[in-house]
Amino acid sequence: MTLPDAFLDIARRVNNWGRWGPDDEIGTLNLITDEVVRAAAATVRSGRRVPLAVPLRQDGVQTGMIPGRVNPLRTMVALNLEMFGPGTIATSDDVVTLGLQAGTHWDGLTHVSHSGRIYNGRPADTVTAHSGAEFSGIEKVSSLVSRGVLLDVAAALGVDRLPGGHAVTPEDLDAAEELAGTKVRAGDIVLVRTGQIQAYLGGDKQAYAYPSPGLSIRTPEWFHARDVAAVANDTLTFEIFPPEVEDLWLPVHGLDLVEMGMLQGQNWNLEGLAAACAEAGRREFWLDATPEPFVGGAGAPVAPVAVL
Amino acid sequence: MTLPDAFLDIARRVNNWGRWGPDDEIGTLNLITDEVVRAAAATVRSGRRVPLAVPLRQDGVQTGMIPGRVNPLRTMVALNLEMFGPGTIATSDDVVTLGLQAGTHWDGLTHVSHSGRIYNGRPADTVTAHSGAEFSGIEKVSSLVSRGVLLDVAAALGVDRLPGGHAVTPEDLDAAEELAGTKVRAGDIVLVRTGQIQAYLGGDKQAYAYPSPGLSIRTPEWFHARDVAAVANDTLTFEIFPPEVEDLWLPVHGLDLVEMGMLQGQNWNLEGLAAACAEAGRREFWLDATPEPFVGGAGAPVAPVAVL
Amino acid sequence: MTLPDAFLDIARRVNNWGRWGPDDEIGTLNLITDEVVRAAAATVRSGRRVPLAVPLRQDGVQTGMIPGRVNPLRTMVALNLEMFGPGTIATSDDVVTLGLQAGTHWDGLTHVSHSGRIYNGRPADTVTAHSGAEFSGIEKVSSLVSRGVLLDVAAALGVDRLPGGHAVTPEDLDAAEELAGTKVRAGDIVLVRTGQIQAYLGGDKQAYAYPSPGLSIRTPEWFHARDVAAVANDTLTFEIFPPEVEDLWLPVHGLDLVEMGMLQGQNWNLEGLAAACAEAGRREFWLDATPEPFVGGAGAPVAPVAVL
Amino acid sequence: MTLPDAFLDIARRVNNWGRWGPDDEIGTLNLITDEVVRAAAATVRSGRRVPLAVPLRQDGVQTGMIPGRVNPLRTMVALNLEMFGPGTIATSDDVVTLGLQAGTHWDGLTHVSHSGRIYNGRPADTVTAHSGAEFSGIEKVSSLVSRGVLLDVAAALGVDRLPGGHAVTPEDLDAAEELAGTKVRAGDIVLVRTGQIQAYLGGDKQAYAYPSPGLSIRTPEWFHARDVAAVANDTLTFEIFPPEVEDLWLPVHGLDLVEMGMLQGQNWNLEGLAAACAEAGRREFWLDATPEPFVGGAGAPVAPVAVL
């Protein structure tokens, strides 16, 4: 079996293999230049900070449907322990087990492969059980700071939350860009709001997981045309799920990560940001979203903060 | 047994309990106002980003001497898995177990207690085995962005790396502040460089761990006088270890975390930053250092990035 | 609030504190003498072995309702890894995270406490976050081999599986003992079959968990009168759940573990054993059920095997 | 590169592929018949039980040299937690992370592969990152009870502990069998004592790990000739390490596990058993050594108990 033309045609158009040389491991992050960062700093006006991470807890967003992607289990290994004797300073320490893609996270470029290949045409089997990703591991990201732009699709379409079956199209992104009042440009980190995370915040994890609105297979070309550095949203699956095209699973993952070499973010809480942006009357901001540098990681948790 | 006057006298002078009200859980982070953040943004000039985290790997900084503080063990739970059938997009996922204080991290305010109390006078037993910290858990930090100032003590004292027995004194901090060319002020995040992490980077974990240069018991007053928001350095123990005063263990932890309510950071790699600052001719910068929001955590990993 | 007389009266009657001296940490396991074991060996007639453990897998019996009691997550840390060079012998290794009480397990004597006490009257706070149980940790069991007797209550009552609301009473145990054709005696390990695990084996974890048939608050006296060494059954909660007496939660746990000092086993698959016993026409056998010796453990997984 | 004739010649002679049919997954465990078990039960004379597991603790036998094979880290997820209200029965629960081969364990048949094959000629890639072993996972063992025979090589050679460089040869096994006073026969579990574990028990983990006495490449034929069911010993590496033949690493693993399909046990504490056997004047006994049934496991912890 091979992937259908519906996928392969777009793949050819958004492919970035070799664009930054045969040794490149970070893809579209190359688009974040010092100049881009300087311009991003200029978007800080009020100094208001908005955190975008969902708190990491055992009752996290995972429902158990994705095997092994376990919610965080944090426990104490020391608890007010007076290790130097009674009456001394006591210490508390904790340890955690979690799926790297369990909470608010970035998918690393090796999170998916297709036809035996990962980004930049490397063999998929360069990811191994014992070492993880030899190339393009999440630690290669090193830093991820740029201008953030909120594309509030829900607001642009006049709803609080997109319905489960809604595929976010290029036209939707156009409308949200219009609402944002700024043109998405090279090196931006784009945050696409669907409102779907309200289901999780409201206590219904199943409804959050499935069915989910999300990015259409047609969006990678939109991001590619604008040379976006990375895209995140407020869903578990990033792309519309179940998929638009029958039997074509995770096509957006394949296009964004493998072909373009562009990081995807999931489970970002964009509710507070949407409110802050609406209040401020602008949807561009400084965004710091550097993932934890797990060596060889196919992804990593991130605690993103927008500064308006 | 009770803590000696050498500790208690300073404790009284740096105590911030009640300063931000009886319900406060974040201590000196209150000092990071919108205005402080706006001013911090103005320090971004070149757009150069310098990551400060040590990569998270099994061969991390921990030597096994601190029970339970285990280095990260990351493994694959899916490896190019074609879960939707042969020839489809394949996924790779990973899971990790790690001590929250194992790598580059922030000590949360509940990381230590003394005399049965944590920050703001709350009972130490509000930290429990099953829930962690009810108050002042690391997730309460929410965001941590401010102006960063590098106090390069090693450089100020004309060495590459301070010797193991060196207690960093207020006088050392003065010298480093002089070198920095900027006054440390309210809301700053101060990074104190000793050069000690060179031992780890050079492959000698034991030498990195012990004996270690670090902050003197006299430094909390220095930070308190300037209303610093948080302090991090490039050692495993933060403070000088073994301690200056016989049988007085971890006094700086007790003063900074419990009395002042000020976060401490450890295992930060400041080598690249020192070089970048020297090159740029200035030691102030934008610093994003938001910890991962583990609910109830006594600390958390962080992937700090300085932007010059 | 204190525990009701319904509990305290029985507690007094089954209490074994001090019976084996003030230093004792294993309770009724003292009843397994060399003589008991010799007699147990004589029950081996056919040599047929019947495993009683539920396989340890991520889709295990836990539903997430008991916080932290996570199902096993086993992953590879080496996968056909030729660590000594190409073409050499390759190794595969795995690592696991699991709740010690997640699968087929023994509750250790410290699994519950009441009124600030654990078995033998020791303070409950001798169990700590960093060290676990100082006394009566599961590793103190050391070995657990004896005669096993199957009390097949479901069969004795003429059903395949007891209904969710069924409290197994002393009268039920009498009937099952009659069916067993042997008198329960000092040092025996008693296995009480309800049939409830059929729900899990049939794929319905929720129905397995709750509501559950289980041992009545009146059974500890029955076991105490016979000086049983340990009791296990085929349910998640061991005792009837929700409880018989309103607002009296886990009374059987309190009586068996704290008062008597008798281990309890849960999630044992007794279906194959019931069939084998019915076939063999006897319900006594050699039973090896030594828990994994986790130091300080409040419980531990066990892979019990009956030999008929 | 291919494996040398020194290996391949023996491989041909001890190969059991197909012996129990093409679908077999348990190899020499097939040799444990009901009759063997009945005879084993007859060896129980005194009823004395001797546990053979090393306690599972963070300060376990692993030194960190084998990546990912982490010592057990057990922590509390509930600590005297009155989850049903103040004054009710309180519960304590724990969770653990450990390498399945970290403590006293059995190597499963998929623990090693060579030339792309595991036991019974199956492709090595039937072991995967997400599912572990599709065939011959450790859970397939189901039960492991038989006659145990202690081959006390150290005692037979008149020493307390064999030196690090000692390869246990067939001649050594002959001498130990002579001392045992019983002939090793089909279906036996053989325990080979070197005394090496004294190093660990005495606190020197490094000396325990390396260099280690262990089984010679010539021993698989000895076990094969006698149709032994399984072999365990008191070392970290099972076979002599570093190896006898230059550049031929883990040959005994390759022969025992891949060719013969015979389980190997490591880190068994045979000191107490040696004393008990010497006292009893016989070295045969009932042995229960059923591994924890981790589905897909390349190995598993075991808490073996000998009954004399």
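Every chain is named by a letter (A, B, C and D) in the order it is written, and numbering of its residues begins at 1.
Just so we're on the same page, contacts are C-beta pairs under 8 Å (C-beta built on N, C-alpha and C of every residue); 3 or more make two chains touch, one makes a residue touch a chain.
Just so you know, these numbers come straight off a predicted model, no measurement behind them.
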{"item": "Other chains in touch with both chain A and chain B", "value": "C, D"}
{"item": "Rotation, 0 to 180 degrees and nearest 5, that superposes chain C on copy chain D via CA atoms", "value": "180"}
{"item": "For chain C paired with chain D, centre-to-centre distance based on mean C-alpha positions, whole Å", "value": "26"}
{"item": "Between chain D and chain A, distance of the C-alpha-averaged centres to the nearest whole Å", "value": "45"}
{"item": "Touching two or more other chains - residue numbers and ranges from chain C", "value": "67-68, 70, 73, 75-79, 95, 97, 128-130"}
{"item": "Touch-based graph of the chains, sorted into line, ring, star, complete or other", "value": "complete"}
{"item": "Residue numbers on chain B that touch chain D, as the complex places them", "value": "58, 64, 67-68, 70, 73, 75-79, 81, 97, 128-130"}
{"item": "Interfacial residue positions of chain A with respect to chain B in the complex", "value": "1-3, 33-38, 41, 44-51, 53-57, 66-70, 72, 74-80, 84-101, 110-115, 124-125, 127-129, 132-133, 139, 142-145, 247, 249-251, 253-254, 286, 288, 290-299, 301-305, 307"}
